[in-house]
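Report on the structure given below.
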């Protein structure tokens, strides 16, 4: 059953993408660690860290594509799941600091000592174990998505309403995490990490390993996501996106379908956050900012939604652009990003990958020229009654 | 009118007459005594000086106040040659001498010929009580009121007699009220009888307010055991009445916040509620409105300072034009290509909001800009124990006027009719000869101008910075969604409900947690009623 | 009326529903027997679509009872439950999954387990394949099975939707204006298709096209202002003065 599921997930594009990711996971760290610095093929450590970060963004965009592209749920709060995963990992990293913090307290992280706390809050228990933190990375975002989605989908909150309340959700979390008495380091968040699984987090080897882990995780998630969308379940999802009431009247439990997808997607976002935090060395409430979540939407839109590969490409392209732009003309980045939002929605609604594959498909169709029927120009799916 | 004038003239005449008489009376018997007493200060010991100050206070002559004040400040000097006491003023290397009672100049003298009259803290206390007593008798109403209030703030048994004297003479009801409270407060720390004190507690209880509680608390520390139950009872009773006052205060703050939310949300109710456009750049329209105010004020400040009180009235049409024009451009340039695709509209307008923010940041800089309050917007007034600031008051008035003006426009004008027609059935409207694209464009421009108007108002109470809009956008969406889309009344009720709920939660949960709670409540509420408080029901909505 | 309940497939009694003061259904009572093909006519706003909304669980009645298959209370169930019980519905506007192929549309409609994990790990069996091919034949779309539904003509979409309902294997089919916008030839074919379908299940058809209803030649119910105005053969109903007044016009 599972094998059938996985086999089905492999079409040519996905195979290529996974192969590329796995090759990156091997060659980039190898070139960084093994080749001498003056070799033209050497990848410098800062680039490894930078692209490692992009890969976690790509995973976040992939997660969003699953709910937005295939199920029509435009979540403006996916940054929240990302940040929660990040905080779970951050809490593990904080506890790994041990007595090496500024105040030298073996149990309490620095900020708690600073706030005069006497003992560890209950929700910090267990985070000294990696397996527990790794579990929480998926459980916490998954649980939030479950509770939120259970309420929202059951009462059929749809479309823009859903988008707005997901935004409110991440905004509420933003405000909450800013508070010192929440016990997550308030304004400053969690930082000054020392090591992960016993390895120095700053070391080149650790960075290379984190890069590889990000690439492999992205490949795995791509496999799972592809399996989901190519199954009958995935077809139901697209049905929900295009004609929700038709799906209901066919006897499917739309709310269960949406909930499952939302939770899976939130878990992926959580994993992305967990991989992101050790690579950038900090997690703070800013990650919950509604603006961040909307930016994820634009990565997905640029690459092409409902294509799985597109969001990955979009995330890397937009963030690469951001890095270059903010380096060269910092004050123009927001103009560029704003223009990108407008341009993509107006001129490239299917995104890069969607437009290209649409072009290829229409060429093939044209060559076939089998059916004499004219192809309707507007293939926009119509909403159900 | 005429009679009133005559009446007023008579009143002035009588007041002057009685004043002159009273002054004459004190002058007649005490002018020389006073002079002697003030001169005696020059050589007296501290104990004697205190006695003298008390006597001066009892004289009831306000003319001794400058001398007493100077003594307290260490500005009173005695001439070594004849023991005469003077106030002094610097005049070159010498000091100008001023008669302590009449204020007339009395020549100059070298510093070495004078010596300072010494003062210590216990003497200062006596001086304060004496001045308090004296100013209580001042002919000037405001001086008396201030004196009474300062005694009330720093009560002491010493001032009790002065207060009682003043009370007997006082005619003005307001001052009398303050004096009565002051007497009661002073009495508590005096050595009067228990019954008097019980009566005093009663008076303080009647007065109410938070400071009465603290007065009673301090009194409880030093008071007789027998008084405890009375004091405790009084405190509880005041606290109970304070609960109502607090509730009223919260309602007021809530209304104030609600009016701000209403202003920010009305425009959104038009674009989102009527046209179904998710305009994420709405907050930036508010910001542009605020910046228009800033620019207008700047021009006025530099070129026509006398017009400053009119700056908001001038800024309002400017803001409407600026934001309306920007809205028109956005609708024609972007949004019209995206009708029927609400999620894409959301993304595109978000992009526009980023561009507008950055543009303003580039032009005006990232820091807060100074926008002043015209005189009629600053200050506050009291209403039944509530302090109501004028700017909040005007914003409530303004938001309601905008609301009703808009309601009128939609329901009664030809444009409103066309707008509603297009919303309900675009094709039919267009075949009736309505230019639907222009109706769309102007509706959007209207929504944007209302945001601009909100910006003018918000510039008065919030920081004018490029991020101004960001802080309102989520709240205003919440208002519209909560109130029910497509229903202006829903927006009104939604805004004020959210404002008041927010302010009622704040004292218990703190500002941030209160806000979080409200967000969570709205999220839960939307689950229950996905289409808001005042939703339209039926088949048509879902089609 | 109560003794009718056990026999009848669908049983509505005294159903009323209002939207913001507007009474869409006014104490409507209506019975469909197993295997019956029934046509419903009535002016706009008579409550035809609202009635279907009630039966399929989209709208809850303010009062009245709705029973299916004797004793299943439909007012307590939602759309998915009701669909799984065996009530299929065709919308007024053809509603198919435009970004799926014709084949996928039918695959989704097939009456199989519809849970999350059942669909996630579903693999097509030879039996399912045969069933889909059979339906494709019935709705005359075999030659276009691999095309996106978006590219079908209006009439073909209508048929695809009917085909999806067939795949659902319902006991009762509710069909809302199946021939709106069809050519005469298509209309005649659709009438044949529906009669074919009605051989093995009950069908309720809402239609304005009197010629089409005459073709069907079945019992007709005329609704007006939310309740039943007349019921009987087409000739009987169309000669009823109240029906002429309210619907057909003089």
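First chain written, first letter: the chains are A, B and C, and each begins at residue 1.
Simple rule for what comes next: contacts are C-beta pairs under 8 Å (C-beta built on N, C-alpha and C of every residue); 3 or more make two chains touch, one makes a residue touch a chain.
Predicted model only: the values in this text are computed from it and were never measured.
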{"item": "From subunit C, the most remote chain by mean C-alpha position", "value": "B"}
{"item": "Chain occupying the middle, per Cα centroid", "value": "A"}
{"item": "Between subunit C and subunit B, distance of the C-alpha-averaged centres to the nearest whole Å", "value": "66"}
{"item": "Whole-Å gap between the CA centroids of subunit A and subunit C", "value": "43"}
{"item": "Length of the line joining the C-alpha centres of subunit A and subunit B, rounded to whole Å", "value": "48"}
{"item": "Two or more partner chains touched - positions in subunit C", "value": "none"}
{"item": "For subunit A, residues that touch 2 or more chains besides their own", "value": "385"}
{"item": "Partner subunit B, residues of subunit A touching it in the complex", "value": "74, 148, 151-152, 154-161, 163-165, 167-169, 171-172, 175-176, 178-179, 290, 294, 297-298, 301, 331-332, 334-335, 337-342, 344-346, 349, 385"}
{"item": "Complex contacts: residues of subunit C adjacent to subunit A", "value": "56, 58, 78-80, 83-84, 88-89, 91-93, 95-100, 104, 107-109, 111, 114-116, 119-123, 144, 147-148, 150-151, 164, 168"}
{"item": "Subunit B - residues contacting subunit A, complex", "value": "278, 334, 337-338, 342-348, 350-355, 357-359, 361-362, 474, 477-478, 481, 512-513, 515-516, 519-520, 522-524, 526-528, 530, 542-543"}
{"item": "Touching residues (chain side subunit A, partner subunit C) in the complex", "value": "1-2, 4-5, 228, 231-233, 235-236, 238-239, 242-243, 245-254, 256-257, 260, 371, 373, 375-376, 379, 381-382, 384-385"}
